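Chain IDs A, B, C, D, E and F follow the sequence of writing; residue 1 opens each chain.
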Amino acid sequence: MRISVFRKAHFNAAHRLHSSSFSDSQNQEIFGKCNRPNFHGHNYELILKLTGEIDPNTGYLMDLSILKRIITDKVTNYLDHRNLNLDIPEFKDTNPTAENIAIMIWKRLRPEIEDRIDVQVRLYETERNFVEFPPNN
Amino acid sequence: MRISVFRKAHFNAAHRLHSSSFSDSQNQEIFGKCNRPNFHGHNYELILKLTGEIDPNTGYLMDLSILKRIITDKVTNYLDHRNLNLDIPEFKDTNPTAENIAIMIWKRLRPEIEDRIDVQVRLYETERNFVEFPPNN
Amino acid sequence: MRISVFRKAHFNAAHRLHSSSFSDSQNQEIFGKCNRPNFHGHNYELILKLTGEIDPNTGYLMDLSILKRIITDKVTNYLDHRNLNLDIPEFKDTNPTAENIAIMIWKRLRPEIEDRIDVQVRLYETERNFVEFPPNN
Amino acid sequence: MRISVFRKAHFNAAHRLHSSSFSDSQNQEIFGKCNRPNFHGHNYELILKLTGEIDPNTGYLMDLSILKRIITDKVTNYLDHRNLNLDIPEFKDTNPTAENIAIMIWKRLRPEIEDRIDVQVRLYETERNFVEFPPNN
Amino acid sequence: MRISVFRKAHFNAAHRLHSSSFSDSQNQEIFGKCNRPNFHGHNYELILKLTGEIDPNTGYLMDLSILKRIITDKVTNYLDHRNLNLDIPEFKDTNPTAENIAIMIWKRLRPEIEDRIDVQVRLYETERNFVEFPPNN
Amino acid sequence: MRISVFRKAHFNAAHRLHSSSFSDSQNQEIFGKCNRPNFHGHNYELILKLTGEIDPNTGYLMDLSILKRIITDKVTNYLDHRNLNLDIPEFKDTNPTAENIAIMIWKRLRPEIEDRIDVQVRLYETERNFVEFPPNN
């Protein structure tokens, strides 16, 4: 019996959008107020989706207390109350758009979860803007 | 790197459900209070889902300021504070169910967005009733 | 022991804002797209707040099954899937703003509930616009 | 024209997690406070997703008043204000995890809905934990 | 400068409504399905409101890390994943209605918070039913 | 007829908590991860509450299009996508706690709204932490 299980977490972080591929004026034009030099920030909401076979003994896809510890260790403690541009090595040369943050979270979580389970990340930057990686199809 | 990006918008509109395929009494029986002659209305919430390759220079699937302008021009300005049955040509002979509104919004947005990007519409008529077009599978 | 108890309900309705105190052009200028002739609509959310002494035998302020019946009879059945301007006598000569709808709901509910209980209405026209009558102070 | 239509419902129930595959101490270790003997409970939110062809005459995937009756008969009346472990035969020997409740709801609803329509259940145990059956892929 | 500060918490619990003032048939008539013998349950959401003077040095009404510890110690650890009727001494002879749970939470928290700060409890039993103690006026 | 009218807005900003009344180690101890030097951020939600007499001609407490312009000019444009500590003069020597941000917003809005109308600010820093100024009583 394959099923999907979802777990929600959150973290707060500062960032600015700025790409080393562009000049300063191009960055301003493309990213607008998201490019302002002194950063702004978000309450990021993360929904992790795991898909795989239910364990018939527990009735669980996986033990959520283990999953919570993985999310705390690999995502929340790493990103919460941080400046994504200044504090997080993955964004030294990568623009911390919602797209890139979601992929980076997926890359940190994927190796921690058993191979039998598919992993998808949904990340809300605001209630109105969110992303999903990898996409459903 | 394929990813899905979601953007939320909303509009308020009046409508009634009435199908030209049916007699008045059939319409009343099938659509109940949604068929009442003087209309009722909803706060429609639209979630647009775009799926495609991230641009490695921007870190964006697409520029959301362009997307916001497209949604405003093609959906919000067209439908907000309107009577779907009386004011919107697409519903002259088509019943403005949530299903048909979602398809109509998809048809208006699909040509405005690059072919490389897949487009899906989720439309909430109320918090308890919503539709998605095209379906995931 | 005084306490406040809240109960949520909802209804969908069409309306337009138009005041008989003004000319047509004044109405257009003041109410903008809310004045459009063919109506628009909303999912109205109602939160009824009752304040009074707990009954020590039941542990209830009042029996919620009785309250639900009152709300259904006096508010939901009266307003749901209606056109406020055309179908509701209270708005024959009164502009159905959120303010006036909230007062009208309060006037319909107040006599149905025991005098020992204070009644307050909160009405959401959208998630972003709502009103409360009577005010707290 | 294939489309997905979603309908939300809810029920409140008590349960405890306990698997007959394990000893008491194993149950305590695996399920923690969810294993406490006197039960705890949840406000379960159910979102039913139906996917199929729109009926061109009604503009509906299916008549929602029929769907609401099916959900009420088969799910809400059966599970609301119940103890899942003690009152519900399906959980006599099955652990009422969110995963197993979602599958059980799907099994009760699937035969009641026309074969042309795909049925998916999303079940929220809390705002932070939810499951989906069958998974999208 | 007086201000109000709100902090949200949650717990899950089982309960049934049953008053020792009434016979079994009266209990069934008054409390309906909430009286069923094997319990049901809720995701309770608690919003604690504190009102008082801001500390000009910290810019805080009070240190939220201290408040979180108090809520965890006195409310969450005490009520979460419990059966209110069977496990909680306060409800040995008191009906665990939302009203009585809110008052009981207020009585547990009030002595833990400095006298200079007013304390109000809002408790959601479901999204549609909630209570507030003490009332605003 | 006195009534309260609420209007919701939002802005995203970076900040850190740091008080000039304390040493660096005291700041770290009191504000914990909120004190980290490179800032973090939030999606702030603002609910403005206005209380006063309804205008019998319009049925409005005040014209919301005017109110929206005031909120945009005085709050959103001033705070959105900014660093509260570095970009906002009010926080040059004041710690940008939710309490102090709410008071600062109230001070900016109060003079812009007619004296006959009472003004209250509710500010959500996260879904779980929010403040209200001035308090109800």
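The criterion applied here is as follows: contacts are C-beta pairs under 8 Å (C-beta built on N, C-alpha and C of every residue); 3 or more make two chains touch, one makes a residue touch a chain.
What you are looking at is a predicted structure, and each value in this text was computed from that prediction instead of being measured.
J.: Give me the step distance from chain E to chain F, shortest route via touching chains only.
T.: 1
J.: In this assembly, which chains make contact with chain B and also with chain E?
T.: A chain counts here if it touches both chain B and chain E, which gives C, D.
J.: Just grab the chain with the largest centre-to-centre distance to chain A, centres being mean Cα coordinates.
T.: C
J.: If you average the CA coordinates per chain, which chain's centre is most distant from that of chain D?
T.: Comparing chain centres, F lies farthest from chain D.
J.: Would the interface of chain C with chain F count as same or different, where same needs over half of all numbers used to appear in both copies?
T.: different
J.: Express in whole angstrom the distance between the two chain centres, defined as the mean CA positions of chain D and chain F.
T.: Taking the average C-alpha coordinate of chain D and of chain F, the gap between them is 41 Å.
J.: Could you work out how far the Cα centre of chain C sits from that of chain D, in whole Å?
T.: Between these chains, centre-to-centre, one finds 34 Å.
J.: Averaged over CA atoms, how far is the centre of chain A from the centre of chain D? Could you give it in whole Å?
T.: The separation of the two C-alpha centroids amounts to 28 Å.
J.: Listing for chain D: what residues touch at least two other chains?
T.: Residues 127, 136-137 of chain D touch two or more partner chains.
J.: Classify the inter-chain contact topology: is it line, ring, star, complete, or other?
T.: Graph shape, chains as nodes and touching pairs as edges: none of the named types, so other.
J.: Dump the list of chain pairs that touch, please.
T.: Chains touch in the following pairs: A-B, A-D, A-F, B-C, B-D, C-E, C-F, D-E, E-F.
J.: Along chain B, where are the residues that touch chain A in the complex?
T.: Residue list for chain B touching chain A: 1-9, 51, 54, 56-61, 63-65, 136-137.
J.: Name, in rising order, each residue of chain E that touches chain C in their complex.
T.: Those residues of chain E that touch chain C are 17, 19, 21-22, 30, 32, 94-100, 102-103, 127-137.
J.: For the complex, give me every residue of chain F touching chain A.
T.: 10, 12-15, 33-34, 36, 38-43, 80-83, 86-87, 126-127
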